[in-house]
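Take a look at the structures listed below.
Across the two complexes that follow, chain A remains constant while its partner is chain B and subsequently chain C.
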Partner chain A sequence: MNPNEFDVIIIGGGITGAGTQRDCAMRGLRTLLVDRSDIATGATGRNHGLLHSGARYAVNDPESAAECIRENMILRRVAAHCIDESDGLFVTLPEDDLDYQKSFVQACRDAGIRADIIDPDLARRLEPAVNPDIIGAVRVPDCSVDPFRLCAANMLDAKLHGGQVRLQTEVTGIIKEGNTVKGIRTHNRNTGEDLDFYAPIVVNASGVWGQEIAQMAGVKVGMFPAKGSLLIFAHRVNNMVINRCRKPSNADILVPGDTVCIVGTTSSRIPLEECRNVAVTPDEVTLLITEGIKLAPRLSSTRILRAYAGVRPLVSADDDPSGRNISRGIVCLDHETRDGIKGFITITGGKLTSYRLMAEMATDMVCKKLGIDKACETAITPLPGSEEGSYEEVAKKIWENPTVAQKAAAARMGSRVARIRSGDRRDEALICECEQVSMGEINAAIDRLEASTLTDLRRRTRVGMGTCQGEFCACRAAGLLAKAHGCIEKERADIDFFLQERWKGNFPIGWGDTLREAEYTQWVYKHVLGI
Partner chain B sequence: MDNGIKFQEYTESTYNFEECTKCTVCTAFCPVLQVNPLYPGPKQAGPDGERLRLRDPNFFDESLKYCLNCKRCEVWCPSEVKVADLIQSARLQYDTTPPKLRDRLLASTDFMGKLARPVAPVVNAVTGLPLAKTAMDVMLKIDRHRTFPKYSASSFEFWLKRRRKEQAVFSEQVAYYHGCYVNYNYPQLGKDLVKVLNALGVGVQLLDGEKCCGIALISNRLTKEATKNAKHNVSVLSKAVESGLKVVTTSSTCTLTLREEYPSLLGVDNSAVKDSILMATRYIYEKLEQGAKLPFRADFHKRVAYHTPCHMQRLGWGIFSEKLLRMIPGLELTVLDSACCGISGTYGFKKENYETSQAIGEQLFSQLRAIQPEVVACDCETCKWQIEMSTGFPVMNPISLLAEALC
Partner chain C sequence: MRFDTVIVGGGLAGLIAGISLQKAGKSTAIVSTGQNALHFFSGCFESIQEAPQQVLDIFNEAGIRVHYKPGVRLMPMGTFKESALSLDDVSLFPTPQFGKRVLIINFMGYHDFFSSFLAEGLEKQGMECRIRFLTLGELTQPELGPNEMRAVQIARKMDDVWEKVVQEVRVLLKDEDTVILPQVFGLKDASVPTRIRQGIPAQVVFAGTLPPSVPGIRTQMQLKKRYEVLGGTYLMGDRVTGAHVYQDVVQNVVTKQLDRHYLEADHFILASGSFFSKGLVSNPFKIYEPLFELDMDYNQDRNTWYNPTFANHQPYMGFGVKTDANLQPSRKGVPVKNLYVIGSILGETHPELGSGAGLAIRSALKVTELITK
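Right, the complex of A and B next:
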């Protein structure tokens, strides 16, 4: 068998692509996934990290809402180590219409979402950070999810099922014979190598860039890129998701995730060309702070760590200028029936919460085309890391008296954390002190999770995501990468890029403690280390 | 705003933990971290750990108990993060294991003092016996190397009450918060203070029934008892302050507790009294600076080494004791390099901490061995026990030295 031939090639290492590869691989297909940079670099890694209960969509988009709650319940089981079962509140402020609550709760119930109206007093007790002026509160099963972890776990499981992953590999063309897609042409951005890969089916799961990939295959998919900006606060002020109980609008969700909390989002249409380089504007920062304070007043004086923006891969359907009212529904296009191009599928739209269902739909279509009759098992088979109970139980099973770093590692890796246990005490040395990431965990990510740069490591381990933003961990982790790759020069450039990227997120909110710390980082790197 | 962006005017966080820039200077100066690898260090236990604990209380780390609460991290922190308070408050808030019997006994300085006083000679003899030390070591895990301070048969309060009238004749008055040690173990220090203040023309009064400051209760996580003492003490201190009195003290740790720990760790508001509580050395130094005179002996001569207790350093007041000692004619002073003695109140008495405690103190002990002073001066009673036990050099409070130097 030719090593460049597969049953299915998936373009895009976001959650949809990774999920699709895992599903295909679990059904016995030989799979290849390519991405022009790293996993979870697009919309997957640039959102709230909210595992929707569906409540937000219940009124306007009941179909999506029902999808969300089904997937929410499935993912709690199969992706337990990526999810924090925090629950959520939909709160009504004095300026909001309390009547909306009634139709909201009814719509939730119709969609199968548990929605309990609770006394505002109870809400204030459950979540002390919530705006004390609330006049109504509904409790719903929202969760937070770590999208990087989820994506990495899918990729890892695909690999465990024989899948191949090629990152930093850009698709330069679609190989066609007549109206049949036969494979892809690629260019490796690291090595400069140009390679062709062949498969009877190519799945376009490249999110907002799906339009360009579709064009290469000679079909038209109209994307509606909608930019959303968010702010990360440096520590958790809330432990439940807080939403505004009103028609979805700007900056009305505050999600606690890992050690931080995130408020967002804005929504504005942007041209496709700008998707690769979105920046947060001063107006957006103002809007996010002003509206965020209404959810949790404490945000007005809580240190902000970063600002970032992502682009929603919505598929354009109507003339809505904001994109707010476009269905978040899943779009799975069979280009054979739609455009007469054989062997090409586009899976897009949808959202993080419904990624598994999207993957299932795409894989079903792939299997049907290949004549394979195998049922999807992703709704019952846990992802690697999610096989066992809570992180505390996992940590206690491995270490008699787990340290904070070991507990933190168990919370990130789930049962896979057993792999970082070694007799070598050096593996316990901390690389990232803010997030408590050990040398063992970094090395495991380099060895097993295809991490080749500091930014890749950040997505997989949270290294550099803490308040110091790489001040101490970047050079330590770079040392490990240099050792693994046997190349110091490349790592110098990598540190430079990493710190610039950290600064990019600090810049829009560059004041107070975050600015002080960034200044200090600059002294350390520029004046002490000479970088 | 005109420039189109809404800046945050200020940010705040519990004990300023978000102001940590991770510079790690606290870690470099933590005396525990240098000798005990099980301790995560002030930065990780404090601001780093706080973010994780806010995420999930399960991230509370039991090894925070190794913190001495010496507060050197706070002294060094360039960002005014209250690192030690973060660590102590995490212990109070998240450690759910009930304090041991031993810890309760060690922390109950007031209660034990009252109990022991009437039978002081017996208690002193028994606690000094090798057999008793072994029994406490085995049964209570109080290290056998430690000797309990001797109890006095008669309390300082009793002594001063009998002199109420003669003290009342002075036109100027102060109240004295003497603390447990002076009252139950070493009334002589209190008597020395009275001698010095009287020589300055100041009469000394007792507070209206002070209780233990509660530092030992706090460090042994007996929050409820500590809070009770704090509220009581603030109320009796208020009474004195309202009547126009300053309150002087001779123990740096009691002082730090009354001034800083009450609001910071126990949530007890002391704003009405805080500024009126002063170490006696500061009070006296300021008096002498303003021109007051003391009748010094001409024949006094002593070679003294001054050790700044950690809590004195946190108060920023070591300088007053030092300057005061320098004013004593015939006193040859060496100021020791700042180093923790390692005892930290009840910490060093616990068997599991003995070795750490001695290893921390070594830096100080070796300085003393090199200098060979006649007397070590120090404002803290637990430092005194540690230095005397570990080096054999006698330790005196600066106030006692001052009293000795007077005619």
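Right, the complex of A and C next:
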């Protein structure tokens, strides 16, 4: 068998692509996934990390709301180690219309979402961080989810089912014979190698860049990118997701995630050319802080860790170039019936919460085209790491008295954490103190999760995501990467890139402790380390 | 409590001012939070191109071994930087080609010393490198677990067992002309680096680690001891929380520990550092000096504080307290008569005084001269 031939090729290493590869691989297909950079670099890794209950969409988009609650309940089971079942509140502030609550609750119930109106006093007790001035509260089954972990677990399971993953691999062309897509041309950005890969079906799961990929295949998909900016705070101020109970608007969701919390988002349409380099503006920062404080006043005295922005891959479902029919729902396009181009599918739109369903829809279409009759099992088969319940149980199974670092690792890796226990105490050496990441976990991410740079490691292990934002752990981890890849020269460039990425998220909020930390980093890297 | 001069801040600037004032017969007190820039000192005094006798005397009398030799020094990640005045720990070379064959020594399980980066940097200069990891029983005992392999913890162990390291290196040494060791020696005793050099039959170069800096902490302890021997009062672990200014003259300052006792003096010196040490404070709307609310030299528009490229010069690092030629500050345009500002809280407002350690030392000596005149 030709090693460059597959049953299906998936373009895009976001959650949709990774989920689709997993589903295809579980149905017995030979799969290849390519991404021009790393997993979860687009919209997947640049959002709230909210596993929607669907409540937010209940009033305006009942279909999406119903989808969300179904997927929410499924993912709690199959992706347990990526999800924090925190629950959520929809709160009404004195300036909001309390009447909205009634229609909101009714809409939730219609969509199948449990929504309980609770006494504001109870809400304040359940979530002490919430604005004490609230005049109404509804409890809904929102959760928080770690999108990086979720994406990595999907990719890992695809590999365990024989899938191949090629990162840093850019698609430079679509190979066609007449009106039939036969494969893809790629360029490896690390090695410079140009390779062709063949498959009867190519799935375009490249999010906001789907328009460019579709163009290469000779079809038109109209993307309408919308930028959303968010702020990460350095402490987990709230334990429940806090939403504003009003018509969806700017900065009205505060999500707890691991050791931090995230407020967002803004929404503004941007041209496609700007998608690769979105920046948070000072006005957006001001708006996010002002609105965020209304949800949880404690945020006013909490250090902001980072500002970042993502681009929602909104798409017009038909050929309407004006974008009037923009959908926030799932868009799964069969280009054979739509455009007469065989062997090409685009899966886009949707949400992080509905990624599994999107993958199922795309895979069903792939299977139908290939004449394969095998049912989807992703709704019942746990992801690697999620087989054995809570991280505390996992940690206790492995270590008699797990340390904080061991518990943190179990929370990140789920049952996979057993693999990093080597018996060598040196593997326990802490590389990142803020997030308690050990050498063993970093080496596991390098060996098994395709991490080749510091930013890759950050997505997979949380190295450098803590309060110091990678002050020292960047250098330590760079040492391990250099050892694994044997190239110091590349690691030097990698450190520079990491510091620049970090600064990009820091300077829009560069005051107080963030500025202190930034000044310290300047001294340490320029004068002490000489970089 | 009354002194001739009270100094706010016990880093390099505050200590040099304190020592030279004590030497001039003044009675002084230093209020220090305990943490300062010496804790991540590279071992090289930046922006000092010459070596005035006055400075060398201060260091010599404190037992701090320094040498002056314009050239380059080896940086922790294998690059080189121009340097002149350094602690003895730091070797200075006329060119980066300081050897032919190099043995780089690291400790097993120590991730804060970058042996592979050093080797790559030196190989670029045409040197041959060999890396060896020492496994010392002292570093694997339960009390020094894998999570405590940091410079200062290792240095505490090394104070007792450095001779063992010398012996290990002698065994490992083949035909190398140079040995590189991490800067984790002589935390208590400044003579240890020299004695290690004498014990190893090759050129010994100490390369820096991730902070905290062992030579920096030692230097801070030596300066503090010298200051106290000269009769200075070093209030460690305390913080000035308030100041009383009456008719443009600082009357006294209040500290957290001393409670209701004031520190009174004829002169006050502000050496409280920049942002990191909280000598300067920033919020989304302004940058200010929190203790006296002194006039600042900076641009109020936050968008001008940063350069989006990390590696470029950052404008905020140039901001500082506005002072006249005598380093005297003002409040709302009115000069404060008995207050002086020294060290990194000046930012880049006095480029003629240099930056970093150079700025700290020069501004401290200048103010000493003005006060004792």
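Operating definition for what follows: the second predicted complex is superposed on the first by the 520 of 531 C-alpha atoms of A that agree within 3 Å, B and C clash if a C-alpha of one lies under 4 Å from a C-alpha of the other, contacts with A are read in each partner's own complex, and residues count from 1 in each chain.
Following the convention adopted for this analysis, a contact is a pair of C-beta atoms (placed from the backbone, for glycine too) under 8 Å apart; a residue touches a chain by one contact, two chains touch by 3 or more.
The structure presented is a predicted model; accordingly, all values stated were derived computationally and were not measured.
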First (chain B), second (chain C), both or neither touched by A:520: both
Touching partner for A:434 - first (chain B), second (chain C), both, neither: first
Which of chain B and chain C A:507 touches, first, second, both or neither: second
Touching partner for A:466 - first (chain B), second (chain C), both, neither: first
First, second, both or neither for A:489, with chain B first and chain C second: second
Which of chain B and chain C A:529 touches, first, second, both or neither: second
First (chain B), second (chain C), both or neither touched by A:458: neither
Partner chain in contact with A:306 - chain B first, chain C second, else both or neither: neither
First, second, both or neither for A:294, with chain B first and chain C second: neither
Residues of chain A at both interfaces, chain B in one complex, chain C in the other: 282, 286, 289, 430, 472, 511-512, 516, 520
Footprint of chain B on chain A - complex, ascending: 234-236, 256, 258-259, 282-283, 285-286, 289-290, 300-304, 392, 401, 403-404, 407-408, 411, 430, 433-434, 436, 466-468, 471-472, 511-513, 516-517, 520
Footprint of chain A on chain B - complex, ascending: 3-13, 17-24, 40, 43-44, 47-52, 54-56, 58-59, 61-63, 79
Chain C - residues contacting chain A, complex: 37, 40, 42, 46, 75-81, 108-109, 111-112, 114, 116-117, 119-120, 145-147, 149, 208, 210-211, 213, 274-276, 278, 281-284, 302-303, 305-306, 308-311, 314, 316-317, 356
Residues of chain A touching chain C in the complex: 282, 286, 289, 405, 425-431, 439, 472, 475-476, 479-480, 482-483, 488-489, 491-492, 496, 499-500, 502-504, 507, 510-512, 515-516, 518-520, 522-524, 527-531
